[in-house]
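Below: one structure, written as C-alpha cells.
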Amino acid sequence: MGDNRVLLSLRGVKTYFPVRKGVFRRTVAHVKAVDGVDLDVYEGETLGLVGESGCGKSTLGRSILQLTETSGGEIWYDSGEGRKNLCTISRREMNWARRKMQIVFQDPHSSLNPAFTVFGSLQDPLRKFGIKSRVERRKIVGDLLESVNMRREYMDRYPHELSGGQRQRIGIARALCVDPALVVCDEAVSALDVSIRAQVLNLLLELKKQRSLTYLFISHDLSVVEYVSDRIAVMYLGKIVELADSDVLYAEARHPYTQALLSAIPVVDPERKTRRIVLEGDVPSPVNPPSGCPFHPRCRYRMDRCTTEVPLLRKYVKNGRDHFVSCHLAEE
Amino acid sequence: MMGTMENDTLVTVRNLKIFIYTDNRCNKAVNDVSLSIRKGKTLCVVGESGCGKSITASSIMRLLPELGRIEEGEIIYHGEKKEIRIDQLEPKGRVMRSLRGSQLSMVFQDPMTALNPVYTIGFQIMESLLYHMTLTRPEMRKRTLALLKDMGVPIPEQRMYEYPHQLSGGMRQRAMIAMAMACDPKVLIADEPTTALDVTIQAQVFDLMKELQRKHNTAIMLITHDMGVVAEMADDVVVMYMGNIVEKGTVDEVFRTPRHPYTVNLLRSIPVLGRGRDQKLNPIRGSTPDPYDRPKGCQFAPRCDYATAVCQEKMPPEEVVDTTHLVRCWNHGKVSSNGR
Amino acid sequence: MMRLMLRGSQNRLMRKMDRIRTAEEAGTIKTHSGGRVLRSMLHNPLSIFGLIAFFVIVATAIAAPLITRYGPMQINLSGVLKPPSLQHLFGTDKLGRDIFSRVLYGGRISILIGLGSALGAAVIGVALGAYGGYKGGWIDTIFLHLSEMFMSFPQIILVLLLVTIVGQSTNNLIIIFITTGWGSTYRMTRARMLSVREEEYAVALKSFGLNDFLICYKHLLPNALGPIMVNITLNTAMFILQEAALSFLGLGVPLQFASWGNILNVANDLTVLQNYWWIWLPVGVVISLFVLSVNFIGDGLHDSSDPSQQG
C-alpha cells in the first residue's frame, strides 16, 4: 500500500462535544468522541474502521466530511493537485471538497426524504454542482440507478414504496451522484437483513472497482469489515489502538482489545464453540475516559505503567508490512 | 399427534397459525409452525425480519399484540403435574399470569424500553418474587441480591437501588435476565437479547445464559437473526422463513448438512471471520415478498435455485431427513451443501 | 358491567378479524392506495360529523345571498323583537334585523377572521420555527424569546391600544390575532424541525453543501407539515372564539357589521337574556357547533396520521 498516494491524512484529530448543565448552560465536561487520531488513508484502498459503541468511529467519519466540527487537529486532503486542510479551508473551497467526499448512511428508513421521490431527492445536489438542464439530470439519475442494479423507473417512486435493500442502494447512488473520490460507509449494511447484506456488499465492491473509489468502511461487525477491507483500524474510546492489513490483524492481533474483540465474535462454525477471552466490565463512557491507556480497566495484561501513561501508536514492520499498535505491552 | 411425548420436553408447539390484522388486512405471520423446547437445552429460532420468529415467541407467553390472534394449533406446556394448553388460556387470566414469571419468562431485545424507568431494578425484581412466591421482605431482598450477584452485577447492594438509566446497556440486560430468572423458571425465552449490545458485552451475556442453563437446567428459546450466535449457543435449531419453519434439527445437522435451499444460501451469504477477502459471498437473489402478497406454494420458491413446478403450487410438507432433522422442501434431496 | 362491555368489544373485534380473514383468503380484499388519512377519517364517526357540520356552516355562509332575502343590516323598525317564525327563522332583533341572515353573513366575517388569522399566524410561525429549529444556536434562541414575548402579551391591552390609536376594524383584529397567536404554530413547527433535522437525509443534504434555506424550507419542512395542518384548524376555532369574546365586549368587529360575536353583543343586557332568547341562543349554538366540528376534524386528522392508532 505504500506506493499509493495518500489521499487523506489525519493528524491529532479531536472532536469533543460539550456537556452543558445548569440554568446558564455552563459546559461542565466534554464527550471526547474522537481523542487524538492519526491516520493515513491511501488512494484506492478500503480502510475498515471497527469498534464498539462509544469508540468514536462514526464521529470520526463525520468529522472527516466536516459534518461535525472538529475541536482540534488537521485533516489533509490531497487531490493530486496539492493538499488542503479541511478544518481550515474557506467555504468555497469546502464546496469543492464536498464533491470529492461523500457518505453512505446506516438506516435505510431515514436515509431518504419521505416527502420526495427518488429523483426529487437526487436532483438538488446535481443542480448545485452545475447540471442545469432537467433532462440531463434525469439521464444522470437514471444512469446512477442502473449502476446500483436498479431499474430507471424507480426514480419516480417514493421511499415508502421501496424495500430496505433498495433504499440503501439509492443511498449509495446518492453518494456517487457527484462522482466522489472518497466514500465513507457508516454502518452501511448493519441495518439490513442478513440475506440482503451480501447483495449490497458485493455492489459496493463492484462500484469501487468500476469507479476507482477509496472507501472508509465503518462498522461494528468485524466479519463484514474483514471481508471488504484491505487494512483495518481498531478504535477504542476515541483513539486508534491498532492498525494493520486485515489478514495480519486477524492472524496476529497485538492489542489486547483486538484480541478480545476477535474472540468475542460468534463464528458460524459449530465446531468452534469455545470463546477464549471474555472481557470484564462495561464499555466505558467517553465523557470520563480512564487515565493512561483507555483500555487498562478491562485489560488482562494491565501493568502499572498502563494506568498513568498513554501509549503511543507505534509502527512495527514485519515482512515488509506496517502494523501499528498502541500498547505498552507490545513495546516490550 | 404422533409418537410418545418425551418426558424432557417442556413446551410443544403444534401446527400453530397466528394472523395479524392491521390496516384491515390479514397477515399470515405464522403459518403452521411446530417445534419443541427441551429441558436444559437451547433452541435457537433463526430467521430474518418478517419470518415470524418474534411472534411465535410472544405467542408462547400469550403476549401477542392486540390485533394478533392465534387462529389454529396448540401450544402445550408440560408442567410437573399436568399439561396446560396455553393457546386456550385467557391471555390476561389467572392461570396464564401464574405461568408467566414463574414457569415461563421472557427477556426482550431493548432493555431500556423493557425496564420501567421510574422504578429501581431491585423493586422490579422483587415484584416478580412478590407475585409468585411467598417470602418475607428480608428474604426477598436477600434473594434479589443473590440473583444480581449470580448475574455478575458488581456491587449488587448498591445497584439494587439504582434506576435503569443509571446502568449501562449490558448491566440493564443482566438486570432483565435477573428479573426473568427470579422465580427460577423452567423456560427462558430470549427475543434477540443482545442485538442492541456490543459484541464484547454480547459475549458476556451469552456466557451468563449458558452458565444459568447449566446451574438451573433451564430450557432456553433464543430468537436471533445471527447465524454465528446460533452456532455458538444452540443445541437445536429452527430456521424460519415468511411464517414457516423451513428446516429444523440439531445444530450439527443444520449447519453441517443443511438441506433447505434457504439455509444453504443463508450460510453461503454471510462473511465469516477469518476467511478474509477471498471468500465468495453468494447473495440470495431477490428480496422477501410482501407479506400481503405472498407467493402461492413454497414461500421461498421465487428466490430458489432448485425451484420446480410443484414448488410454485403447493407448500411442501415436513419431511424427515434424519431422526431429528426435518425439512420443508420438495427438492431437498437435490440440495448440495458443499461449497462451504 | 365493565366486563360485559369489554367482552362485547372483544367479540366485535374477533368477528371483524374473521371477516377480514375470509375476505383475504377469497381474494376479495380491496387495497386502497394513497389517501389513507382521508379513508381512516371517514371511518371515524366523530370526524365525519365534524366534516359535515363544518362544510354545511361554511357553505351556508358563502351562499348567504342565495338562502336569505334579508340583508344583515336591513333595519325594519316595524318588526322589532319578533320571535322565530317562517319568515324570520331566527326571529328579529332590537332593530328589526333578521337574525338568521345576520348569522349567515356574520359567519362570513367570523370565519374569515378565524381562518385568515390562523393562516397568517401559520405563515409567520412556520417561517420562523422552521429556520430557527433547523439552525439552532443564537438565531433559535432569539426567535424563542421573541415568541415568548409575543405570546405573553395580554391581548386585551393590545386591542384597546389599537382601537384607540387606529380605530376599530376587522383588519386590525386580524393583525392583533396574528401578532399574539403565531407563537403556538411557531413552537410546534420548531419541535418537529428539531427531530426532522437529525434524520439521515437531512445530514446527507448537508454533505452536499446545499444552502441552508433550501434544505430547511424545501426538503425538511414538508415532513413537518402534518401537525401544522392540525394546528391551523385548531387555531381557526380558537380565533373565532376570541373574536366572539371581543365583539361581545364591543371591542371586536365594529358593531355595524354582523359577526357572530356582534350578534351576541346584545346579550349583555339581562332583559334580552331572559326574554328574547332567539337573539343569542341560535348564534351561540352555531359558534359552539362550528368550534366543536373543527375540533373533531382536528382530532380525526391527528388520529389518522398517527400510525400507532391502527385497526
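As written, the chain order gives the labels A, B and C, with residue 1 at the start of each chain.
Here, a contact is a pair of C-beta atoms (placed from the backbone, for glycine too) under 8 Å apart; a residue touches a chain by one contact, two chains touch by 3 or more.
The model shown is predicted, which means the values in this text are computed figures rather than measured ones.
If each chain is drawn as a node and touching chains are joined, the picture has every node linked to every other. Inter-chain contacts peak for the pair A-B, counting C-beta pairs in contact. When you average the Cα atoms of each chain and compare centres, the chain farthest from chain B turns out to be C. A separation of 49 Å divides the Cα centre of chain A from that of chain C.
Note on chain placement: the centre of chain A and the centre of chain B lie 33 Å apart, centres being C-alpha means. Residue positions of chain B touching 2 or more other chains: there are none. Of all residues in chain B, those touching chain C in their complex are 19, 21-26, 66-67, 69, 71, 292. For chain A in complex with chain C, the residues that touch the partner chain are 62, 65, 67, 94-95, 98, 102-103, 105-107, 110-116, 121, 124-125, 128-129, 171, 174, 178.
Residues 48-49, 168-171, 198-204, 206-207, 225-233, 251-252, 255-256, 265-267, 269-277, 279, 281-284, 287-288 of chain B are the ones touching chain A in the complex. Residues 199-201, 203-210, 214, 218-219, 222-223 of chain C are the ones that touch chain A when the two sit in their complex. Put simply, chain C touches chain B in their complex at residues 13-14, 16-17, 20-21, 23-25, 29, 31, 310-311.
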